[in-house]
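Common to both upcoming complexes is subunit A, partnered first by subunit B, then by subunit C.
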Partner chain A sequence: MAVPILKQGPYLIASVQSALTDAELLELRNALVLMVGKYRSRGVIVDVTAMDVMDSFASRTLRDIAHMIRLRGAETVIVGIQPEVAFTMVQLGLTLEGVATALDLEEGLTFLDRGVKKLGGHVGASG
Partner chain B sequence: MKEETRVSIQSDHDIVTARQRGRTLAQQLGFSNSNLTVIATAISELARNILLYAKKGELTLGIIENNGRQGLSVVARDQGPGIPDINRAMDVGYSTSGSLGLGLPGVRRLMDEFEIVSRVGKGTTVTTAKWKP
Partner chain C sequence: MKGGRNQVNLEQVQTESTTTLLRELVTHLRQHRTQLREEWAQRITEAKLLTVMTKEEIFAEATSVYDNYVEALETGTFEALQAYARNLSERIIPRGVQTDEVVGIVLLLRDVLARSLFGRYHADFDKLNRILDAYEPAANRIAITVAVGFVQERERTIREQQEAIRELSTPVLQVRERLLILPIIGVIDPHRARQLTEQLLRGIRTNRARVVVIDITGVAAMDSNVANHLVLTVEASRLLGATVIVTGLSPEIAQTLVNIGVDLTKMNTVGDLQGGIEEAERLLGYKVGPVEKVVPTE
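Then we have the complex of A and B:
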């Protein structure tokens, strides 16, 4: 597994450590969808601080992860999108609509602790 | 073109290799951090397009100059099936592969220069460049 997934209390924390291939992104998606059931997790944090590129495939896979995890009954929050990455994503039209994001791991944990049920009103619209 | 790097695109690992090479070259040219990300992302989309539609191809990265201004050129070339309707391929949201359809129009937005030549049955060449501000 290219991305270590840590169980912390009711949450799973996946920390992307380096650039990921498409296959590794899909592997992360599949692992999280399984583990959220295995550990009966309430929330998932995907930390993308180390990702220097978020192209259409990575963006779509993260969105898929968030939607699949929600269907499994838990919440996902993507944390650590870097300023340059955000800049490029918007230019590409990748907005991760319907997906919760937070500045960093700490904010992500706070978000999940609040138990916010952010129902993405525009699920599947784009990005 | 003064200097050229060729990256063969045949697997998803090659996508990562290509964008890392592009980033390094752009860094040497002195592009800003946000432009490094822009260039690496455009390379990623171009390389994935090759993989998705032509299975294999080649990316050429080069340093270019025009009136003392430096830039980075990125050329994606494949001998794949070609694109029958380029105008449609450039429509945001249009995709024959089940992707988001943001690939080529996205690249056009990210780069300063963008030209696409495609012949059905022969292949596709996408020539792009980013100039230093």
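Then we have the complex of A and C:
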């Protein structure tokens, strides 16, 4: 598998190591949606620190992952988007609507620990 | 008729005697230096050029310009004149002398000298023609040199000022753990907007910020490009996990933004910087209040 998915307590952590092909992205999506039920996880963190390009397919897939996992009863945080990548994404209109984001893995864990409901105002994702 | 003869003459003249003619010309100009210089200074005053300078100053500058002018005619090299023009510009630009004034005085000098040549050679039309043939290109080049020198000096000043403004322009400051403020003052052009975004995103990363307050109290106006850029910045910050609060939108900017239809739904706005920081503290879980029991006020 291209992306290792680690189980950490009640959370799953998928750490993207390199640029992913479309097929690998879909594979990641399927694996996460499957595993979140299997391990009864409450949250999922997708760490994209290593991705220096984010095209429309990748960002749509990330959004899909977040939405699917919400339907499976867990929350998703995308962490580690690089500043340059972030600006390019918004210029292309890829704003990950309705998806929680955090600076890095640690922040993502803090976010999940606090419980999404309490922090709804902060991440401001559900718009 | 005249044009035709000119053409023929021109070729002869340029090969044979341009140098001789110019030398004769220079001698003439040296001989009548005082008179021509005074006439020129007077015409500058009459034309109401260089009004910021006193009569004495004009006369002093006129003398140096005159001498440099003659020297340039004599040697055919423009370096000295160029240096002088730059030096002159450096001195007079801060006093508010305009481009048209500088160009005007140089053209006046050209006219004064041409007139004096007419006066001297009007008896010998052929000679006058040849003298003018030698004089005009050199004189034009001098005028161009001075004008270009002036404009370049002006541009250099402007560039320096822009640089200075840019350096002062966009501090990203941490006011609390995880809280940055970005006060923006002055005009935001596209270049500055981009620089601002870059600095902010980098600042979020290095300071691990979770909330950013962008204060635009000091921004007088905003067009749709800049407004959209601001929205993009807010979005990009969110992707890095930071919430942006925009504060201090003036009534004018608020109206502009609504009128041009910028999508502001994603933007978190608070009236002033104080309110913004309070809101940010609330988001970060800080509770700020006066220290109790320090001074019993009752």
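Basically, the second predicted complex is superposed on the first by the 116 of 127 C-alpha atoms of A that agree within 3 Å, B and C clash if a C-alpha of one lies under 4 Å from a C-alpha of the other, contacts with A are read in each partner's own complex, and residues count from 1 in each chain.
The rule is short, and it goes like this: a residue touches a chain if its C-beta (ideal position, glycine included) is under 8 Å from a C-beta of that chain, and two chains touch if they have at least 3 such contacts.
Not measured: the values here are computed from a predicted model.
**Q** Give one of first, second, both or neither to describe whether A:R42 is in contact with subunit B, with subunit C, with both, or with none.
**A** neither
**Q** Pick one for A:R72: touches subunit B only (first), subunit C only (second), both, or neither.
**A** A:R72: touches no partner chain.
**Q** Is A:D22 touching the first partner subunit B, the second partner subunit C, both, or neither of them?
**A** The first partner, subunit B, only.
**Q** Of the partners subunit B and subunit C, which touch A:S56 in the superposed model: first, second, both, neither?
**A** first
**Q** Is A:P83 touching anything from subunit B or subunit C once the two structures are fitted on A? First, second, both or neither.
**A** A:P83 sits against subunit B and subunit C alike.
**Q** Tell me which partner A:T95 touches in the superposition: subunit B (first), subunit C (second), both or neither.
**A** In the superposed model, A:T95 contacts subunit C only, not subunit B.
**Q** Pick one for A:L103: touches subunit B only (first), subunit C only (second), both, or neither.
**A** A:L103 contacts subunit C only, not subunit B.
**Q** Same subunit A residues contacting subunit B and subunit C, which ones?
**A** 83-85, 87, 91, 127
**Q** Using the touch rule from the top, collect the residues of subunit A that touch subunit B in their complex.
**A** 19-23, 52-57, 59-60, 82-85, 87-88, 91-94, 126-127
**Q** Provide the residue numbers of subunit A that touch subunit C in the complex, in ascending order.
**A** Contact set of subunit A toward subunit C: 78-79, 81, 83-87, 89-91, 95-96, 101-104, 107-108, 111, 121-125, 127.
**Q** Enumerate the contact residues on subunit B facing subunit A in the complex.
**A** 12-13, 15-16, 19-20, 23, 33-34, 36-38, 40-41, 44-45, 48, 92, 99-100, 102-103, 106, 109-110
**Q** In the complex, go through subunit C and note every residue touching subunit A.
**A** Those in contact with subunit A are residues 197-198, 201-202, 204-205, 208-211, 232-233, 235-243, 265-266, 268, 283.
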